[in-house]
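Chain naming follows the written order as A, B, C, D and E, and within any one chain the residues start at number 1.
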Amino acid sequence: MITLGHYLVVSGMLFSLGLAGVIARRNIIIVYMCLEMMLSAANLALVGFSRFHLVHGLPDYTAQSLVFFTITVAAAEVAVGLAIIVALFRSKQSVDVESVTKLQG
Amino acid sequence: MNASIILLLPFFSALVILLGHRQLKGASVLISVGSSIISFIACLVLLAAADDENNNKLLLPFLDVGHFHANIDVLIDKQSRGMMFIVSFIGMLVHLFSLGYMKDDDAKPRFFGSLSLFMFSMTGIVLAGNLIMMFIFWELVGLSSYLLIGHWYQKASAAEACKKAFLTNRIGDFGFMIGILLLFGANGGSVNLDDLATAFKSGPLAPDAPGYSAGFTTAAALCIFLGAMGKSAQFPLHVWLPDAMEGPTPVSALIHAATMVAAGVYMLVRVSFLIEASPLAAEIIAGIGCFTALMAALMATQQNDIKRVLAYSTLSQLGYMVMAVGAVAMAAQHGHEAHGPNPGHPAMFHLYTHAFFKAMLFLGSGAVIYACHHEQDIWKMGGLRKHMPVTFWTFAIGTLALMGLPYVTSGFYSKEGILGAAYDSGCSILFHAGTLTAVLTSFYMMRLLIVAFFGKPRTESAHHATEVPMIMLLPLVLLAIFSIFSAWDGFATPLQALKPAHERPHTTVLVASILAFLIGTIGAIYLYRGKDKDPVNIKLFANKFYFDEMYAVIVRVCQDRLAWIVTALERVFVDGLIVRLPTAIIARLGAATRLLQGGHLQGYTFLLGGGVIGVVYLVVFVLPRLGH
Amino acid sequence: MSVLELIIALPLLAALAVGLGAPARAASLGASFINLILVLATTVQYWGKTGLAFTYSRPILENPSLSFAVGADGISLILALLTTLVMLAAIWQIEDRPPIFYVSSLLIGGGALGAFLTTDLFFIYAFHELALIPTFLMIALHGRAEPAQRKAVAWKATIYLGAGSLVLLAGLVWLVLEFSGGSKLTFDLEALRSQAQLNPLPAAKQAQIFFVLLLGFGSLVSLFPFHSWAAPAYATAPTPVAMLHSGVLKKFGLYGLIRIALPLLPQGAHVEWVQNALLLMLLGNILVMGLVTIHASRLDDTLANSSVMHMGYIFLGIAAGTDLALKGAVILMFAHGISIALLFGLCGRMRNQLGTLEYNKLGGLASHAPAFTVLFAFGTFASIGLPGLTNFAGEVLIFLGNFTEFKAGTLTSLQWTVILALWGVVMSAVYMLRAYRSIFHGSPATGLFMIDPAFSQRVPFILLATTLLVTGCCPWLLLNLMKSAL
Amino acid sequence: MPPLLFYFFALITLGFGFLVVTGRNPVTCALALAASFVGLAALFLSLDAYFIGVIQILVYAGAVMVLFLFIIMLLDIKTEEGKKLNLPAIVSGVLLASLLTLQIIAVVGSTELAQKTSENTPLALADAAGKIGKAALPTITNDLKAGELPDAKLIGFTLFDQYGFHLQVIGLLLLVGTIGVVVLSKRERSAP
Amino acid sequence: MSVFTIEAGLALLGLALLLVEAFKPDISRRTLGLTAIAGTALALVLFIFAPHDSASLPGFIRPWHQLDNLALFYKGFALVITILVLWLTLECAPYLTRFTVDGKLGEMFSLPLIVCVGMMWMASARDLVTVFVSLELVTVSFYVLVAFARKSAFSLEAGVKYLILGALSTGVLVYGIAWIYGATGTMSFDGIAKALANPATSKSTALFGAAVLLCGLGFKVAAAPFHMWVPDVYQGAPTPVTAFLSVGSKAAGFVVLTRALDAFMVEGSIIGSEIQGFLLVVGSLTVLLGSLPAMFQTSVKRLLAYSSISHAGYLLLALACRESARFDLSSGSVVAFYLATYLPMTVLGFLGLGLMRANGLGEDIKDFAGLAKRNPLLALLMTISFASLAGLPLTAGFLGKLFVFLGLADHGYWGALSCAIIAAAAGFYYYFKTILAMYTTEGTDVPALAFSAPAKAVAGALALAILILGVYPKPLQNVLMSDRPAVVAK
């Protein structure tokens, strides 16, 4: 039987996978994709919890509203983020994380 | 009232002169001499008013904390009266003598100012009614001695000598202070001489008191004695006194012969109750005095500097006095109670006779030196008898007094008193060594007299020597009179009180004294008559048993090397452990934490992710188990 | 409004005025002179009284209760007197220096006054810190060494004193927490004190707190082994700063121990492990630093190290904790402050005129500068502990105070320490006389020439020397201010 | 949802996710991400969150992915990572990911919450119709009475009934985002 | 006029300015800037006189908005810092424009208004959804602001780093929210508190959610080990933005953190002690990781960044000390007090940096050499600022630290206290290093440095505030204590 636990584990694995990508990848765009994966993993957890937290016998739609906001915010973040990445590419001709290491110490 | 004049007049004189001598110019000399004369007169008045009853009174407040009082209070009794007379009388004479002797010195005001300071401090010691006050003035005489020895500070030897004198005395004071503290503690907070005497007789420090400890009494006595050792230049703290002769001769006469160096003896007599309470301490004191007397006498036989001969002689005589203190205490322990109420003390007796003739000898030597244009080597003098007749005769009288010309001079009586005490002490070594010292004394003094005053002038300066002015002769003559008569009954009554009760001297003692005088005199005449250079040459004596060299090594090895080592250790350990090590650790830590901030995004994301995992591990898996 | 507030504010306001461009010398001298008069007048008013007087309190925070509270007893007045005297002298002796010298002197003085005259732990602590900052800055900026070296010295002092202050703060916080009583935290010393009397802590706990305070206050006072900042700092510091810090500000730590630690933790100092630790440390001050001082080859080193060494005696008084010893400690604080300020002031003049303080290059200065020599002699003999100058009275009271509880035949560790410490008196004579001998005695060294300062420049030193003489001959003047038992 | 389907979509989600993390070519990654999101959307559907599932596909797999692809094409990013793999970074990434997964599994395993299934917590649509009663729109209650979950309506109702303020904030945020994009991608005016 | 109306009005003003800037490109930045400042100032005035009770809020917002003391204090705080930042932007404009692509600063005046509104909403949030959306509003705006001067490689790099790490933290935050929601079934702080006080709630789930959520918030307040972005971003961002980040954004983070902790550590909470342990550990780590590397910095701006990390650590430690009966300033108001004192000193520091930058100087310590000679007033003001940051007595900074120490000691958290003391000692070192540099005179013959009268006035006022708060904190305490409601859900 598929329990909430299954969903949570899938969500956790997806989250971890995203984290691994964020740490391991050098292409900022791909890093950004991995970040989106992490957000989605969080969404999965939220939806999972909302389905099994019944309010009046229905899924808890406050949580689903948050998912809605998260998706929107993520979209806006992607837009701004990609703009910054484009600006970076214009100035460095690269989207490698190693191109931004001047500030340190 | 009188006591305060005697005490404070020189103080203000010193203060005014030392602080304002540039404005005062010549007047400073007058102030100083004037104050010394007035003090002497006041002292005579004090002596006249003989109220021994009301003797311990407060002069000035100093320290008053709760139950504890350490004030300037004076104890006027027989001993302080006599001592006061000596101090103010000789002090006055030395002031007068200095008027002539220091006539051409640029720094005359400083000299007289310091002299006044000395008079103040010495008066303080004499009058002191408690040990703290005595310590205060004890130190202050040290200061004035320092200033006066270093009067010609441009000379390296004088500069070193004054420093040496002060430091050596400091070592003595170290012990003195410990002694005072011990007595203070044991006597429940009072260091009044009266209280202490009572305490030792019937109070908490008496042998039958509960908790009495013989070791403690001995320790206290020896600590106090250490103070006397410094001031009275007893072995092994004697090294400063010969060097102190770097000071002007009147100073040597007053401070380093007659009064200050005798202060140690005076103080020991003041606390004789303490010494009598401890047999061991009495023996040690007598032993050290005896050793000093003999050793210094041996050294004196081979000195060529007129002042140094006198200086070693002073050392030797001081040793005598100290030995007397010890011997009397030993005798008292053996049941030889002195007779009569409040009897005199042989040490005090010798102290005052010695003060007169030794001051006289120093002043005489000062006159000689003055006449010979600051020549001090006796082998470069000779034949002065004819050029300076008055000086010669007074000097001769002084010499004979010191040698102890039987039945005539005061020195004979006092020395006999000491030998008697040594004889009574039950320790024959003391007596034998004392007699030997007496022989040596006669020997070296005669040697000095012969070489300096007899024969032919051996140098130009001796040839051209002329008699010194009147102002310098007057003190010599006065002191010469005292040198002869001061031990005679009926002369200068306040002093007579210091004499031990008159007792038929033991025949042995009498014979020994006379024989010692004769042997020494004859030996010296035999050896030195008509000689142009020293026929005897004993390196060990001439070089003062190599004490100075030994001390130099000790200072260099023990103190300077130790200081060097400790400084190095301090740098390495304290600086290293307390400063450098923590600094280095923090710096390393800081540098390490900086490495976290490498500027690489991947590193940051790793840390962030790791942080999350770490926090989760901590919060979810560790903290709940700790059972907060 | 209390006169004490005026006394505290005056130097700070003068510093502000000078900072904003007022004529530096006139303003500073004027302020410090008026301050001296004020403190003297206050002292005269206090004469014969006991306990805390001239109190006034302005709350600045409800809970924890903080207030700007002033108040003075004999101890604080004696230290205030010390501060104003040294401040006046330090400011007076400044010659041809930029205004920052005046500003920093005023700030150090004002800070010290604040620390001595306030009765709220918060402000006691705060004013001390206020006074420390100009010290560091002046050492780093106007110290007498190469820039790199003086900065290093300033850093050392900063780190030490900063760390010490933090430890101290921890100790004070601990006190506040322990003694505030149930309802609310207070920093008011009197309130804490009454609470400490009502509900004393167990001795073991007192010992712990006392030890923390000892470390904190101690490192401000260069207690061995936390002393190694002091000697270089004093040797490097500009003259007025050296005078004020070694003379006045350093006394803060001792003041704190006497005013704060001992009354609140009466048994703390006597618990065996604390006492033994303290005795060991102060013997380190006296014996180790005595030897180190003997080894010094420059006047500034000698003075700086000696100033560290002499702290040992004051700690000895605190360790004894008896009435006699504590009063002696207070007198010695006063005496040491005046005498070391005098010596540092003269040392500064010498450095200015001669350019060197190496003993083997100096000699015979007494011939040309007799007045200077006399003044220096005052300082020298005061620090040797000669009777007639104030230091003696303090030292002897401390020594005696250690022997008030005495059983014949057995010496306690305290008393053994006194005996060892007495050897330090000998050592201090050794190094001070050695210094005096090399500088003033002997034949004048070639090429080094120095004449007496003009009379107007002698005044500050005469002021200090006179103080030493007057209070040295009449120490009861100071003792009368401390009539009640400590 | 039958377990088989669940595992299938979970596999799709995670498998394509893995491809995103490991893929060399950014375009591959972007497409894999889209595929992964489709799988995720299916999981949403299996949780009765139809609206969210649809949004997921529309917004993510549609708009966002297109945006990514555009940018990748625009910047003409090749498979630049190629040979210079950062081994420590990969190792640590894998390490952290596995640790985190283990932790999550442990947490999931320790709580009864995770035992809920659609069997033991079934939706009670008819009940709900009565309970939310007047508070909701009639269409919603009607749907509920008919045994259908009016998912979109319910979300819409929640959003506009309760989260009006938040919607406005999100609107503001989107505006700021838009402006940000304009500001950040403005080209420097070339020198005349 | 309700508080919310003012906020909405301010947001509208921000939008209006954006539009004006977009459609009327030749409008002078002075006009724009002054309008923004005037608008914010007006908002501040209105805010002060607006009714301060929840009942005055419009109905639709009332469930999401609270107007307790903390919120009110923080709203005022946000308005003040916004005014200061706007003004600082104007002062720094001459050199900032060199790094923008079109030589203009339009959005630099409008975005701060929106950020300000976002922060004010954060302060009032009663539930995690509101927190999330307003936080994201602020964050996204900051993405733009940090990278604004993108012709400067530093600014752009800072933007990229902030973007990636910020997005990562958002992911963590949402994941945390999900789990907290899962454990408690609600997103409102009150509900969470109620659920956590109920022993039936699954402890491990709640712990996991709280931990992850706090990690996300920790990122915003620069708690170690989530602080790595701070030095790089602060250093790279334009100085006014840095000031905004270090004061405004951090303070907003702390307000949210306070609210979250009020819920997590509510009386009888099943996870209270664990969260406290977390705060102590993270706080200690933060003070150390802030102070120790700071000792080696050569750039003053970066140094201030580290210092701000260290200050965050003290704040976290303050949060760890819950209410003590003997100590009126409970952790919440200590945090507010600390923030209030932190504002003038940090802004003054950045203001000095900005002014030096405007005069063509760098931000390195060596650029500070001889400042006292070039401009004694500026040197004095900077000294006051650094002294206060170092926590010297008689300055505002000391009191804040003292309260933290008091709290830690009162609870017997000796380990954390030692860390705090070590950090404070290290702080002495690096602040003094800078102060010392200002007064050195060697090798500095740079001409005098001038700055405008308003700059003097503002800087002087800030310095005065530091000093006055340092010796007379009572008024501030009164403000913070006046009608603080009982602790949430007690």
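Everything that follows uses one rule, which is that a contact is a pair of C-beta atoms (placed from the backbone, for glycine too) under 8 Å apart; a residue touches a chain by one contact, two chains touch by 3 or more.
Every value quoted in this text rests on a predicted model; they were computed, and no experiment measured them.
Common neighbours of chain A and chain D under the contact rule above are B, E. Chain centres defined as mean CA positions place C nearest to the mean of all protein CA atoms. Each chain gets a centre from the mean of its Cα atoms; for chain C and chain E, those two points are 42 Å apart. Rounded to whole angstrom units, the spacing between the C-alpha centres of chain D and chain E is 32. The distance from the centre of chain A to the centre of chain C, each centre being the mean of the chain's C-alpha atoms, comes to 64 Å. Chain geometry summary: the mean Cα position of chain B and that of chain C are 35 Å apart. Residues of chain B in contact with at least two other chains: 594, 597, 599, 601-602, 605-606, 609-610, 612, 616, 620. For chain A, residues touching at least two other chains, in rising order: 8, 15, 18-19, 22-24, 26, 31-32, 43, 48, 50, 62, 65, 69, 73, 76-77, 80, 84-85, 87, 97, 100, 102-105. Residue positions of chain E with contacts to 2 or more other chains are 129, 133, 136, 140, 143-144, 147, 150, 160-161, 164, 168, 172, 182, 204, 208, 231-232, 293, 296. Listed by chain label, the pairs that touch are A-B, A-D, A-E, B-C, B-D, B-E, C-E, D-E.
Per the touch definition, chain C reaches chain E in the complex via residues 19, 59-64, 66, 68, 122, 125-127, 129-130, 133, 136-137, 140-141, 147, 151, 154-155, 158-159, 162-163, 166-167, 169-170, 173-174, 176-177, 180, 182-185.
Taken in their complex, chain B has these residues touching chain E: 586-587, 589-591, 593-594, 596-597, 599, 601, 603-605, 607-612, 614-616, 618-620, 623-624, 626, 628.
Chain E contributes residues 160-161, 164-165, 168-169, 172, 203-204, 207-208, 210-212, 214-215, 218-219, 224-226, 228-229, 231-232, 273-278, 281-282, 288-289, 292-296, 422, 426 to its touches with chain B in the complex.
Contact residues on chain D toward chain B in their complex (touch as defined above): 86, 89, 92-93, 96, 99-100, 103, 106-107. Per the touch definition, chain B reaches chain A in the complex via residues 594, 597-602, 605-606, 609.
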